[in-house]
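Take this structure, written in structure tokens, and hold onto it; I'll ask about it next.
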Amino acid sequence: MSKLRVAVIGAGGRIGSEAVRAVQAADDLELVATLGRGDRLETLTEAGAQVAVELTHPDAVMDNLEFCVRNGIHGVVGTTGWTDERLAQLRTWLDAAPGTGTLIAPNFSIGAVLTMRFAQQAARFFESVEVIELHHPNKADAPSGTATRTAQLIAAARQEAGSAPQPDATSTALEGARGADVDGVRVHSVRLRGLLAHQEVLLGGAGETLTLRHDSLHHSSFMPGILLGVRRVVTVPGLTFGLEHFLDLD
Amino acid sequence: MSKLRVAVIGAGGRIGSEAVRAVQAADDLELVATLGRGDRLETLTEAGAQVAVELTHPDAVMDNLEFCVRNGIHGVVGTTGWTDERLAQLRTWLDAAPGTGTLIAPNFSIGAVLTMRFAQQAARFFESVEVIELHHPNKADAPSGTATRTAQLIAAARQEAGSAPQPDATSTALEGARGADVDGVRVHSVRLRGLLAHQEVLLGGAGETLTLRHDSLHHSSFMPGILLGVRRVVTVPGLTFGLEHFLDLD
Amino acid sequence: MSKLRVAVIGAGGRIGSEAVRAVQAADDLELVATLGRGDRLETLTEAGAQVAVELTHPDAVMDNLEFCVRNGIHGVVGTTGWTDERLAQLRTWLDAAPGTGTLIAPNFSIGAVLTMRFAQQAARFFESVEVIELHHPNKADAPSGTATRTAQLIAAARQEAGSAPQPDATSTALEGARGADVDGVRVHSVRLRGLLAHQEVLLGGAGETLTLRHDSLHHSSFMPGILLGVRRVVTVPGLTFGLEHFLDLD
Amino acid sequence: MSKLRVAVIGAGGRIGSEAVRAVQAADDLELVATLGRGDRLETLTEAGAQVAVELTHPDAVMDNLEFCVRNGIHGVVGTTGWTDERLAQLRTWLDAAPGTGTLIAPNFSIGAVLTMRFAQQAARFFESVEVIELHHPNKADAPSGTATRTAQLIAAARQEAGSAPQPDATSTALEGARGADVDGVRVHSVRLRGLLAHQEVLLGGAGETLTLRHDSLHHSSFMPGILLGVRRVVTVPGLTFGLEHFLDLD
């Protein structure tokens, strides 16, 4: 069987260079081009790339994807900064290239994606749900983007199911003790030397609790998700937003 | 809106008496009959029961269900001891009562059911999966039935996905250190005073781990699942085996 | 060997009645008297009590202890509400009864006492320390008294050791995300149906973390500490404040 | 204040090179020499080293320490392979150099040392104690050396306290389910991709459990212990075995 021909755009970055190695190590993939800052996009077509892994900057991603889609190259995109306008523009390009697919994923960690998905599915079955995220102390924002997104998904699932507000008899509290309120879901941010990126979703009902915990120990955790995206995107024309749609969970 | 008319068979048992209280406390349900050992089944029809919660013994369950199905009473069954023969017999009765439904659930804890389901869904995305179950020290069997079942479901999911065998370089081991082998999935049983019933499924891939933990602290944890079964079974004719089919996870 | 003669004052309360059973079940102890509201204290001397377990109210405890100390009866006290004045008064009584001992313990759970003690000992070896306490949603205060006390002990240990302030680069935060600030130690309060009383102390340094977790699942957890207090107080004249002094940790 | 003059022997190794950087980064220490394989020991005296950090091989350590002790250079030793004969030899050398100290530490992770120490202190207060160690799947031995040592310390502490055997009603078990038996303490070994080195000690009594968990995420976790050893060894003449003796826990 012939191997799938893969290029990496943004190959010089921390995640990009890891992606280069991951593609090289995969038996069913062939690395045919690596592009850094300033390299010509025509390299992609000259090398016969079928899929491009795009890991650059919001400033560069639109030009890169326009070129790819126009030339029938599927895309697996980790670059951030997506607005409704940008997504609409990308869809227009994809409509004009019927067989071509693009996957954009805010998070390529399969563990993180599954945690969010399971939290969403479980949320309506429990009276109480809270989120604890734990990171190294150099992190600038609290809560983490992933924790905020997880809480929003939980809140939306509960609203859709008509769940009652969470029980909480707290009448005397030190400021901040009960965490941040994200759409009615409490989120707690721990900052501790020695940690990297960790998240717990705690769900509680009468007589039982369910805890979903994701520990991210190295950015190599993005590679299985990127490779899964590369293998699947060639069979899914159009725009897919979120790795969860490629996990066949439904 | 009229309330759903519910009976409890086996109302004198530990779970049964809890079920009686749970039905009474539910706004949309009306408790119309409670049967203990030796009570006449005709009480169910005389009371106009629409659903019977069956929490008795393998010796009694078949007679109870035959009566219920023949009289169009839906069943929510926690009694154990199901064989292929018994299930076939029950299906025959249900075939003759087209609008009637019966739910049999080996486990009514929603947390336990979700843990198994999520473990099954996640198993193929990680190189490694192990199960730790932790119980009070009076428990006679190791591993627990739930842990064995969970490991079997994980193993089946991995086989179906064509997963590679789990990595394990252990060459020198004390006997028992690596746990029990259930279809290639390692299961560890902890027995500790102070605990009740707890289970962890640990999944690990490059740079990340996902942990699913269920803590069961009281048998009241079965009630939300029993009530959910009561409300749903009236709309699902025929035999349903396993609460997961009523959780709309797909 | 003759058994130690023990009385329980406040025998009708939730903890008191459990203490009665625990004393009865201990091979080396003999329950010689149980006093409820309004019972005569003379019963203690008539029954020849050597140790009195005092589990009543702040309104009653001083009279009870004055009687005990005056009659050479050792005390194991769980009643709260101690002020400097009350402690000074009790010491005066004990000075006049040289062989008699009284143990006052704010917490008889050995697990909780050890958690605080270990947190205190470990605090100066790690750059970061935070506390998470998790309770049922009917709890009125946040953080819990135990968590606040734990954070204060940690802060004091770090100050004594000259520890640097904890690293925390948070520059953008939702209100409450980083928890409550107790003397420079962050404390997070989770409220979840299904939980009882749980606490985690997380300590982090370069490349490693240490977590101390205490799960309290039933108030029977106070009994081993009460029995240990009963057996030890007879050999320790004067006032002892805190069960930790009877645990021989030093 | 003048800085303490420190040399690193075995500076080319993984831990050694990290130690070089750690000494350089410390305000109160001056790195005066680094020795690799084949370098002359006289470099140490010529550079005026006061403390040598020894991180080599069992083949080289005795010659290195003989030189250091004879020249009044204190030692902080991470090299393994200590027998009673070797320790006796080292003591003879130290007896002839009254002001000189040597610290040998099987484990420089303060978190690991504290976990063992706390486990030892807590063991006699709980009916049940088990150990779970979790490592990456490339590890050859199960249980880990640290887990075996921890279980032995727990068993010894319980024997000294006259603790009863642990309760365990298991009558039907799959082979291996209950883990390895180390002096009566059950030890469970998990092997999972994505993990590094982790250990949990679970202690359980009536109504409560205490869990001590150590997560080692990077070998930089040895550096605080090595630096603490360097600063303390100059004030403690003779042989000290085990970092715990420098932690002032008593």
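Labels for the chains are A, B, C and D, by order of writing; each one numbers its residues from 1.
Assume a contact is a pair of C-beta atoms (placed from the backbone, for glycine too) under 8 Å apart; a residue touches a chain by one contact, two chains touch by 3 or more.
Remember, it's a predicted structure, so these values are computed and weren't measured experimentally.
The set of chains touching subunit C and also touching subunit D is given as A, B.
A centroid comparison over C-alpha atoms places A as the chain most distant from subunit C. Centroids built from CA atoms put subunit B at 33 Å from subunit A.
A straight line joining the Cα centres of subunit B and subunit D is 46 Å long. Distance between subunit A and subunit D, defined via averaged C-alpha coordinates, is recorded as 40 Å. Shown for subunit C are the residues that touch two or more other chains, namely 126, 194-195, 203, 205-209, 215, 217, 221.
Viewed as a network of touching protein chains, the structure reduces to a complete graph with every chain in contact with every other. If you check the complex, the residues on subunit D that touch subunit A are 194-196, 215, 217, 221.
Residues 109-112, 114-115, 118, 121-122, 125-126, 203, 205-224, 247, 249-250 of subunit B are the ones that touch subunit A when the two sit in their complex. Subunit D makes touch with subunit B in their complex at residues 126-128, 130, 132, 134, 137-143, 148, 166-182, 186-195, 202-209.
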